[in-house]
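So, here come the structures, one by one.
Here subunit A shows up in two complexes: once beside subunit B, once beside subunit C.
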Partner chain A sequence: MDYNGGTVLAMAGKNCVVVGSDKRLGVQNLTLSTEFQKVFPVTEKCYIALPGLATDVQTLSELFRLKCNMYKLREEREIEPLTLANMISSTLYGRRFGPYFCEPIIAGLDKNNKPHIYGMDLIGCLNFPDDFAVAGCAEAALFGMCESLWEPDLEPDELFETASQALLSAADRNSIVGWGAVIHTM
Partner chain B sequence: MDSIVNKFKRSTSTWGDHNMLVNFDVTKEFSLPSFDIPPCHNPIEFLKHNTDEKSNAECRIKFKHGTTTLAFKFQGGIIVSVDSRATTGSVIATQNIRKIIEINPYLLGTMAGGAADCTFWERELGRRCRLYELRNKERISVSAASKLLGNIVYSFKGMGLSMGTMVVGWDKIGPNIYYVDADGTRLKGDLFSVGSGSPFAYGVLDSAYDFDLSAHDAAELGRRAVYHAAHRDSASGGNIHVYHVKQSGWENLGFRDFDDLHWEYQDQPKPSIIGDVQPMMLNIQD
Partner chain C sequence: MEFLLGMTGKDFTLTISDTAATRSIIVFKNDEDKSLELNKHVLMLYSGSPGDTLHFAEYIQRNVKLYEIKNGIELTPKATATFTRREMATSLRSRKPYNVNLLIAGYDVTTSLPHLYWIDHLGTNATMPYAAHGYGAFYTLGILDKYHRPDISLDEAKAIAKKCIEELKTRFFINLSGFKVKVSDKDGIREIEI
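This part shows the complex of A and B:
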């Protein structure tokens, strides 16, 4: 998980969620790119963030794009965050004995605009936090930052600030994470 | 009372001996500091297992490694330029470490590899250089100083010391740079770069190096080379320090924060390295 670097977080506020990642792609110490995408939209109101091995980040983002499109064609509606989380969890467990090296985080609003965030480990164990979810190389630093900065019922602008500061400060303490941050607010 | 004092008086290492001033033994000056070795079957293997990342990726103690340092000679003396980030594994321990060690007012040592190893042994080198000065009533040459350091680390060869340092100074022969590392290598040269970011620094240095650079341009070249290395190498960053070694001794040219330099260089036009070189004639068949 330390090979390519990268870290993500998601936070829940009052009828809003934010999800963000850093922008670095490297091969151990060498930085290859400072604009590497790790947060992918699944629907308008649901995003997945994929930190970890870069090849698995790209493979999984395409795989979930396929699965969500098929879901939409079959069900004739957009996928909900909880359903998506369970779908991702099963996909990851399907590779239990040769896993994808990726610890996805899902953030979105359901059809009633209620905020949902989920995290999971690389073999699909779901985590249902009501405050924040972190993953990636700087997750230890991010836990510390989020625990101290987060408070319940933040408005979208305040939540954006909180998430940015947490991500940037944690990235400053890790050499393989950084080169800026991208935050999506829903 | 005496029995209590005697209980604590026994000490096997000269460095741990707080009575050093009282019990100063002249013959002990030349000896290497003695260290306590762990009482296990194979102390070297034990140390390697717990600290060496190459032989054991899950070692519990990760030393601070990763750096970019460089030094080069030019008409105005020597420019030494370093970054200031120390990393333990992927965590940044500090962005503010001093990697240029001022051994004395005319000798500098750089730090690459293990931070503790470099600071400790270069300070020991400073002590020995001072003793040389007192005995011989003249300043030690850079060649002799680097030889002293090289021989010290050679005696610990195989025990896991990690050090890649440049001993830099201006002695009566002229400006000198010696590269000394923990394997026992000691090389004299005009241009060196040491550390995980050194490949990147070499590229920038080699493209713009000229012996006849002015002092200002040479300092800027040193700064740029470390900046480009810190840009690409994640184990380098923090502040970029530059020192200029002249006949009268070294001068600290200050430091610039890497992030500030990044935005400053973005705004400037890229320095031309192609210049008047003939363009390559490529035989591209359509």
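This part shows the complex of A and C:
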């Protein structure tokens, strides 16, 4: 989990949700890239954030893209956040004794535009927070930042600012996290 | 102790690889070419366990060629890198994974852009303006941070490559015996002297 660096977070607001990550890819303390994608769109209103071992981040993003495209073709509708979270959870548990080293966070709005945030560990044990979810190398620092900055019913702009400040402050305290960040607002 | 480096320029990709074939503390050979041409415009550089390296590289090269014969198209650098990453990631969770690090350097004739992909033995694929594998990365990435721009000419790239090699010769405690420099551009792949 600490080999390539990287961290992600998601926060819920009033009828809105944000998800973000840093952009660093490294091998331990050697930074290789500052443009590495860790947050992947699934639908217009749902994103998966994948922190952890970079090879598994890429393998899983490709696998989930395949599964979501197949779902869309079979069901003729977009996947809902809760359905997606359960699909990811069972995919990870399918590798219970040889796991992918990745702790996904799912953030999105359902068909009634209600915010949803899900977190899970590397074998797919789901978490259902109403406020925020964090994962990756700066998880501990992010918990502290989110705990002090987040408040209920934030508007999209305020939520974006809160998440940005939490992510940047946490990233600054961790040497293998940072080098730019990205936040998606829904 | 092996060293691979690549950098993109305005309309080309330049690569450097060391030429020492070693086992433990013995140098067997001083003119080893650690690269394979996947097609006319895409070059793959490899380092890692001897045996694994050439076996994996040839496996990729032949599958790329097979795909191109079957479908009558030339694969882009991105397509070859994506395919190679997938094979490496599959191998990672097999009984005996390949211990090979790769750089895929090429020129995309469909968009007229140079490309460079960094792939490690775990199957991490990252696209970068300049990249390196091995201990040499610690010495050379700083030089590239300072001097590299996305629009450099071939002469400028050669000058930066020279600086990188000089740095290795002065600061790296192992004397790498030689380097092969290759360029991939619209005319294909060729070896150059710097």
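Here is the rule we use: the second predicted complex is superposed on the first by the 186 of 186 C-alpha atoms of A that agree within 3 Å, B and C clash if a C-alpha of one lies under 4 Å from a C-alpha of the other, contacts with A are read in each partner's own complex, and residues count from 1 in each chain.
Methods note: a contact is a pair of C-beta atoms (placed from the backbone, for glycine too) under 8 Å apart; a residue touches a chain by one contact, two chains touch by 3 or more.
This is a predicted model, so every value here is computed, not measured.
Enquirer: Kindly classify A:15 by the partners it touches after superposition: subunit B alone (first), subunit C alone (second), both, or neither?
Expert: neither
Enquirer: Determine, under the contact definition given at the top, whether A:59 touches first (subunit B), second (subunit C), both, or neither.
Expert: It touches subunit C, and subunit B stays clear.
Enquirer: Between subunit B and subunit C, whom does A:43 touch in the aligned arrangement: first, second, both, or neither?
Expert: Neither subunit B nor subunit C is touched by A:43.
Enquirer: A:5 in the overlay: touching subunit B, subunit C, both, or neither? Say first, second, both or neither.
Expert: In the superposition, A:5 contacts subunit B only.
Enquirer: After the superposition on A, what does A:137 contact: first (subunit B), second (subunit C), both or neither?
Expert: Only subunit B is touched by A:137; subunit C is not.
Enquirer: Kindly classify A:185 by the partners it touches after superposition: subunit B alone (first), subunit C alone (second), both, or neither?
Expert: The answer is neither, since A:185 touches no partner chain.
Enquirer: Applying the touch criterion given at the start, work out whether A:174 contacts subunit B, subunit C, both or neither, answering first, second, both or neither.
Expert: It touches subunit B, and subunit C stays clear.
Enquirer: Quick check on the superposed pair: does A:30 touch subunit B, subunit C, both, or neither? Answer first, second, both or neither.
Expert: A:30: touches subunit B and subunit C.
Enquirer: If you stack the two complexes on chain A, which partner ends up touching A:98: first (subunit B), second (subunit C), both, or neither?
Expert: A:98 contacts subunit C only, not subunit B.
Enquirer: So which positions on subunit A get touched by both subunit B and subunit C?
Expert: After superposing on chain A, subunit A residues 30 contact both subunit B and subunit C.
Enquirer: Taking the complex as given, what residues does subunit A use to touch subunit B?
Expert: 2, 5, 24, 26, 29-31, 137, 141, 172-178
Enquirer: Which part of subunit B faces subunit A closely enough to touch in the complex?
Expert: That would be residues 66, 85, 87, 89-92, 196, 231-235, 237 of subunit B.
Enquirer: Flag every residue of subunit A that touches subunit C in the complex, lowest number first.
Expert: 4, 25, 27, 30, 32-33, 35-36, 53-55, 58-59, 62, 98
Enquirer: Which residues of subunit C touch subunit A in the complex?
Expert: On the subunit C side, the touching residues are 85-86, 88-89, 92-93, 118, 120, 122-128, 131, 137-138, 141.
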